[in-house]
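The chains carry the letters A, B, C and D, assigned in the order they are written, with residues numbered from 1 in each.
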Amino acid sequence: MAHDPSDDKLHEECGVFGIFGHDDAAPLTTLGLHALQHRGQEAAGIVTFDGERYYAERHHGLIGDSFTRQSVIDRLKGSRAIGHTRYSTTGGDEVRNIQPFFAEFSGGGFAVAHNGNITNALTLRRQLQREGAIFQSTSDTEVILHLMATASEPSFADRLVNALGRLEGAFSIVGISNKKLIGCRDPHGIRPLVLGDLDGAWILASETCALDIIGARFVRDVEPGELVVITDDGLSSLRPFEPRPSRFCIFEYVYFARPDSIVEGNNVYDLRKAIGRELASEQPAEADVVIPVPDSGTPAAIGYAQQAGLPFELGIIRNHYVGRTFIQPGDAIRHMGVKLKHNANRRTIEGRRVVLVDDSIVRGTTSQKIVQMVREAGATQVHMRIASPPTRSSCFYGVDTPERRKLLASRMSVDDMADFIRVDTLGFLSIDGLYRAVGEARRDNDAPQFCDACFTGQYPTQLTDMDDDRKVRHLSLLAEAGS
Amino acid sequence: MAHDPSDDKLHEECGVFGIFGHDDAAPLTTLGLHALQHRGQEAAGIVTFDGERYYAERHHGLIGDSFTRQSVIDRLKGSRAIGHTRYSTTGGDEVRNIQPFFAEFSGGGFAVAHNGNITNALTLRRQLQREGAIFQSTSDTEVILHLMATASEPSFADRLVNALGRLEGAFSIVGISNKKLIGCRDPHGIRPLVLGDLDGAWILASETCALDIIGARFVRDVEPGELVVITDDGLSSLRPFEPRPSRFCIFEYVYFARPDSIVEGNNVYDLRKAIGRELASEQPAEADVVIPVPDSGTPAAIGYAQQAGLPFELGIIRNHYVGRTFIQPGDAIRHMGVKLKHNANRRTIEGRRVVLVDDSIVRGTTSQKIVQMVREAGATQVHMRIASPPTRSSCFYGVDTPERRKLLASRMSVDDMADFIRVDTLGFLSIDGLYRAVGEARRDNDAPQFCDACFTGQYPTQLTDMDDDRKVRHLSLLAEAGS
Amino acid sequence: MAHDPSDDKLHEECGVFGIFGHDDAAPLTTLGLHALQHRGQEAAGIVTFDGERYYAERHHGLIGDSFTRQSVIDRLKGSRAIGHTRYSTTGGDEVRNIQPFFAEFSGGGFAVAHNGNITNALTLRRQLQREGAIFQSTSDTEVILHLMATASEPSFADRLVNALGRLEGAFSIVGISNKKLIGCRDPHGIRPLVLGDLDGAWILASETCALDIIGARFVRDVEPGELVVITDDGLSSLRPFEPRPSRFCIFEYVYFARPDSIVEGNNVYDLRKAIGRELASEQPAEADVVIPVPDSGTPAAIGYAQQAGLPFELGIIRNHYVGRTFIQPGDAIRHMGVKLKHNANRRTIEGRRVVLVDDSIVRGTTSQKIVQMVREAGATQVHMRIASPPTRSSCFYGVDTPERRKLLASRMSVDDMADFIRVDTLGFLSIDGLYRAVGEARRDNDAPQFCDACFTGQYPTQLTDMDDDRKVRHLSLLAEAGS
Amino acid sequence: MAHDPSDDKLHEECGVFGIFGHDDAAPLTTLGLHALQHRGQEAAGIVTFDGERYYAERHHGLIGDSFTRQSVIDRLKGSRAIGHTRYSTTGGDEVRNIQPFFAEFSGGGFAVAHNGNITNALTLRRQLQREGAIFQSTSDTEVILHLMATASEPSFADRLVNALGRLEGAFSIVGISNKKLIGCRDPHGIRPLVLGDLDGAWILASETCALDIIGARFVRDVEPGELVVITDDGLSSLRPFEPRPSRFCIFEYVYFARPDSIVEGNNVYDLRKAIGRELASEQPAEADVVIPVPDSGTPAAIGYAQQAGLPFELGIIRNHYVGRTFIQPGDAIRHMGVKLKHNANRRTIEGRRVVLVDDSIVRGTTSQKIVQMVREAGATQVHMRIASPPTRSSCFYGVDTPERRKLLASRMSVDDMADFIRVDTLGFLSIDGLYRAVGEARRDNDAPQFCDACFTGQYPTQLTDMDDDRKVRHLSLLAEAGS
């Protein structure tokens, strides 16, 4: 359920949070971001507004390391706040790239934070620069501010609508101006955003687990294409964009979202168990025991074991003290890598035919090491079962994916993958099986109910910038060290 | 499986590691200590010897934060090393109290690290001071060095035997001198110590998981009362102390040891599942679902569920990003405490009768909050099942226990405890049930097979210093800040 | 000769440096800024260009603390560089306010650093914001970049000319673009800027001492109103502004510049001695010994002593270990302040009539304490002589001056000032005496040869922003902590 | 007047301070150590006693960087304190080697700080180790504590006398026990120690400048061989050692002491001017101007100029921003070294015959560079005059001297030295001239009035340890990084 930057996973790049009208705006935002930490651990930022000035704090590292210091909380005055936690690196890792971003317009200030990725950001950036805009970051989010700055509408909400209307890609956005808290999801609703309520204060958050931690009530999802504007007079809902079919990211169910979140009406833990059951039906195995690759494979493994009538055992023990700074000391022992985080429990494995359940395979390098470790612990057979279809295409909607050619499934058949990771059998869930597990009869291939581009290569939006080499896209002429 | 310093658990105070004759002595010790991190997260130290000089590094914090820097590893030259990781605080948290300790005798150097607690250390310290010894730390371990310094035997091993012979309490010790790596367990063998082998290099470690991480072979336990001396000529085993009955700490099985370790021939995960099964037999419950308090209650919960024929579900989600520095920001929201680390998964709990399985209850404060959280998530009944007997007495053998009067079970009946933590029913495993689960027919009350003083108040050794007020014991006249 | 931020002095706010075409551009810039450290000790920045990318480093503190680390130097690639060191606080102390500033235009990058102050920056800023510009700092220097970004000329040099043409105030500027190093002084030439040569590489620097340290040859001053453009093809000189009379800051001679610098053809040390001689002629004293207030009063004191035929003695010893972080510990002893930095040498003072020579009096608080210290050391009489006229008006051209009403001379007669600082006699140099000492026959009151506004209140430029309250001028809606 | 660790000077290794009976003991000690900073800049420590416990703080770096933080001062409770500042490195630079040292004896605590060097420390250390002592540092000062610990006298003062009676070498010591503040100078009184009074509180300090800074009254020097014991009942003076002739370090006058200190009844600044006058008489020069090598050569240069009737000019400007961390960036420009700290003022030097006055020549490397710089600035002749005799022998009494063979004067004649540093003429003060300047008729060669071993090689004490190679003397078996 927790991500580790060294592991071989896809990573959600951001979580967002906003609150309007609560005396503890900053500490509540801190808690909310802490609950969203699985969506990004590299850096975080909070901007508050106290009716007169905006206060910003941006720090590298975990929320709990920086934002819980009393001095930091004390500087974040005011009853309105937005916050952002990020995995990394649309833009470099400089402090100037840590969101929320702030701009001072002639009519007042505006701060914005963003989960997703804008697929025509570079094109817009170049056009804005030609018109005289000076960018301070390399983040796609800053484009929104410059579009607003040069828009002619008098109201900030209108200028934001104008700006968002020119974007393509995935975006779930929170922003605050002198009078408003604004939340918005892109027309396809690719990334999640939910609405909550705490003692009359409105909350926006990427996932419901950020409501739970502060005891807030879950009100509803912000709808795809909806823009909510919260003021002292309450919430109003706008539909400023041309309607498009909902295409929620199905990988949020597979891996990104926290198991205790309610996403689009579904409990993630339940869905993952259902995925495991579906996987057991599609890809049974003659085996003695079902073992999850912890922690992300655990719910699916429980479902698999229940469906298959096999015992579920914690055969791989995870070391939770692996911080982000753990570098394997000394060249001679670099190959021990995976053991820093996992150890096979020999007595549970020895002499047994093992079903190993994981959520996905990206590069395959970690799978290879875990299989080797399980074999060395005495497994007589290893049957790998993956709780999603093969990951074959890059995501351009705010997920950190390796280049396409590094995705194992993009260059190998399932049989070759089985050889590569050295398992006896390897089975993936089918795309229809995945759709079934999340409650659809099957995938509608003409109008897919979800964004499943990482499995199918079918992208719901244009990808204007991606004609360029991806590396070039975010290049700035300026290189500056992080701190 | 992981400890958290803020939680309401007993905490092992130390893990030790030693290696003799490997070119990568320092990085291997780093990895070994990393695997023993659950035995102590406050500070760690490594001393190496390169045939000429000793090299020491001592740092606060996790192994992975300090000891993985190349500069640190590079300073730790030589093919022999000992290391120590500690939870805290026999002695204060100054760097001078971080083990291993080193002393330069007229015949050469000696470094020592220690897991356990010496129950006559203060008495010996005062006597040594009267004889002219100057102590640099407030740790009980330094007593060993001064006893050695003033001993008259020519060999270091003999001086160590002389010194250890004057100690009471629990100690598993590793030491290096100019020629030797030495390991020793106290006559009762209260704390664990195992022997391993990696490519011909001897290893000593608190648990086998520290062998696994470096790919070393588990050779055997060091026996209670055994002192092993490793030189270039190989290993020799001494039995220098008067034999005493083995009294291994049974709480190592319940909570301290890592589930993947083999302790005294038993796999800890298997034992914990057996404990869960025994608990289900002794303390059944009319319920719909078995939910562990993660992560320490998980193996017992799996055993309980299997025995009881109830579904096992991860109904409480743990946030792994709670670092040691997370302070709850802001006074107004301090009561949210437990939610920083845990969140109930409402959909798994709502409308159900829940069996909550945890390993032990210390103060009861965390149990209270978790039960409340589970109730708020909609559980119709909560049946708490504890995988050990009530914890009624302090440990004086190297475990951080609160004062006796703060132990909930020392001042309440089980019924009162049930009221206090607000559960429908509360059931503990019996002491005989615990003994059965770990392979004995029952507890031999005249000569108990384990140290179970925390449950029974029967201490296997004298407690000379404990007649004094415990606070006074470690007082030094000098107060110096940590860093 | 060195400034201390705690003392009661006016402080130059900036020093600039630039180099074009040298393999060691970054380390040479570091050395140059080190030599200019007396012009600003709060923070420093360097931007280099390697033909492809720009590299920036910005750090708080002294050059020697940050920029001498090999890792910092290594990141600053390329053979062209500009650097900036600053005293403080046009704009706040955030990293984002540390110069040089960089902007990426559609035609390439441009970095700029600035010594001086733009007196219509706020007015321009508001206008630019209305047109859609987003400011990232609160510094007046950023205005230049936005004026360039929105200018329509194709060449960067032309856009810079356009931008500078809209400024009022004092500015000595260095900038680099993809092809050029540019230097410019405002039409009055209020702040200094010199041109040097090192092995064929062109250098720009605030003072010649920055040439000396790297062994560069002093070529000439950049002229008031001159803009020099250095490319691979050499240097070309432009005169893009309407000509104005030269009004070099006379206080550079009195205090700001380093004594070993050649400023506008004059050696500063020589001028200060000449000032001292003039002071002795205008303001003689019946006394036994001449003692400087170290270090800034020393050259004038030497001149005074020579002219007066009195012995010169170091009667006040300066403690050079007073770093910027020395806070007087403990409330009870706060009044000892001045002794942290100075101690009277009793044997030199006792029983004597002392002439104390200092360069200027700002608030008078330090003078008061030094006089008291000299009296306590046994001086029978204290005759204070000041090597400049009374400082009566604020500087708006890049010097940190207290508000006008805090300037002692703005609210007291010389006699009252003598009473306030408790001297027997107090004498200032006359404005004409100062002009004579620096080589003029007398001050031309219709067209003063220098900017002497701090003494006379006659400002050479418009002060558009200063109609507003000074505090308001730099207010941003955003507050963000420094690091 | 200030030392710089990178320069080619001898360096005093320590300053000490003690106070008894003042509520502000810790901040006053901080101020006192700040005034003694020229005696050691590497690290400092303070130990206080509040009647019950001792409180210690030890930090690397300047007093003003660490000891002025309120949190540090607040931890140092009590009305009695001793402090120590050190240049470096008898013993390594680990925190454990920072004085004062503390030991807890069976009868109470004792803390001690020491200026000087014990020339039989290693011999004593080995003997104590054989008897069972465990050393925690590599400092000679710790020997004193172990000698006290194993002494049999009941009173701490008596045990200290016993311990000191076994030492050879130079020591000025301050110590506190539960009841006393103790100060002592070795029988020859090689290092200084003075007694002061502040509002009834007794003060001990290395120099009177540490009294001046806190406004304390100078009472008298502690006499050679005197031990003063200060209790609540007042001061008592003991003469526990066999009397020996006074041999105060004459180099304290030449360079070590601060010019404003009164040392053995003499004002250091006055003595240095007298030395300069004597030098002018012995070593006149046909020249136009006298220029000091700042800052240490300045008083002698003033004396020289006055005696010779030549103008005194500040022809070399010192950059005071050279911190200890300034590393010359980049290999290519490493030869610029000296210019980081000094710059010749060309206009003062050009076309002139210059007398350069410095206090001493150690290795000659800096002199060489300064002469070159003065020549490049256009001096037609350079006449170097040194305000002391040639430094030919190492100091073993607490001064950091290079090995004898690195002392330029130990391997070259004066003529060869003149060639080496490339001056037209080079003149040193004679040893009798130095004695005359400090008030003696001449040096009594049979019973010299001062320790002048660095000039004459005549050491006033035995040097037991120095038969060994100096490197070996301080070697410990343990190497541990500084922080």
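Quick note on the criterion: a residue touches a chain if its C-beta (ideal position, glycine included) is under 8 Å from a C-beta of that chain, and two chains touch if they have at least 3 such contacts.
The model shown is predicted, which means the values in this text are computed figures rather than measured ones.
Visitor: If you average the Cα atoms per chain, which one ends up farthest from chain A?
Guide: D
Visitor: Go ahead and note the Å separation of the Cα centroids belonging to chain A and chain B.
Guide: 37
Visitor: Can you work out the whole-Å distance between the CA centroids of chain B and chain D?
Guide: 50
Visitor: Please compute the C-alpha centroid of chain B, do the same for chain C, then give the distance between them in whole Å.
Guide: 62
Visitor: Counting only residues that touch at least 2 other chains, which ones in chain C make the list?
Guide: 72
Visitor: According to the definition of touch, which chains form touching pairs?
Guide: Taking the chains two at a time, the touching pairs are A-B, A-C, B-D, C-D.
Visitor: Inside the complex, what are the residues of chain C that reach chain A?
Guide: Per the stated touch rule, the residues are 53-58, 72, 75, 95-96, 102-106, 108-109, 126, 129-130, 132-136, 145-146, 149-150, 476-481, 483.
Visitor: Per the contact definition, I'd like the list of chain C residues that touch chain D in the complex.
Guide: 1-2, 23-24, 26-28, 30-31, 34-35, 37-38, 41, 62-65, 67-70, 72-73, 209, 212-215, 258-260, 262, 267, 269-270, 295, 298-299, 302, 306, 311-314, 317-323, 325-330, 332-333, 336, 339-340, 343-348
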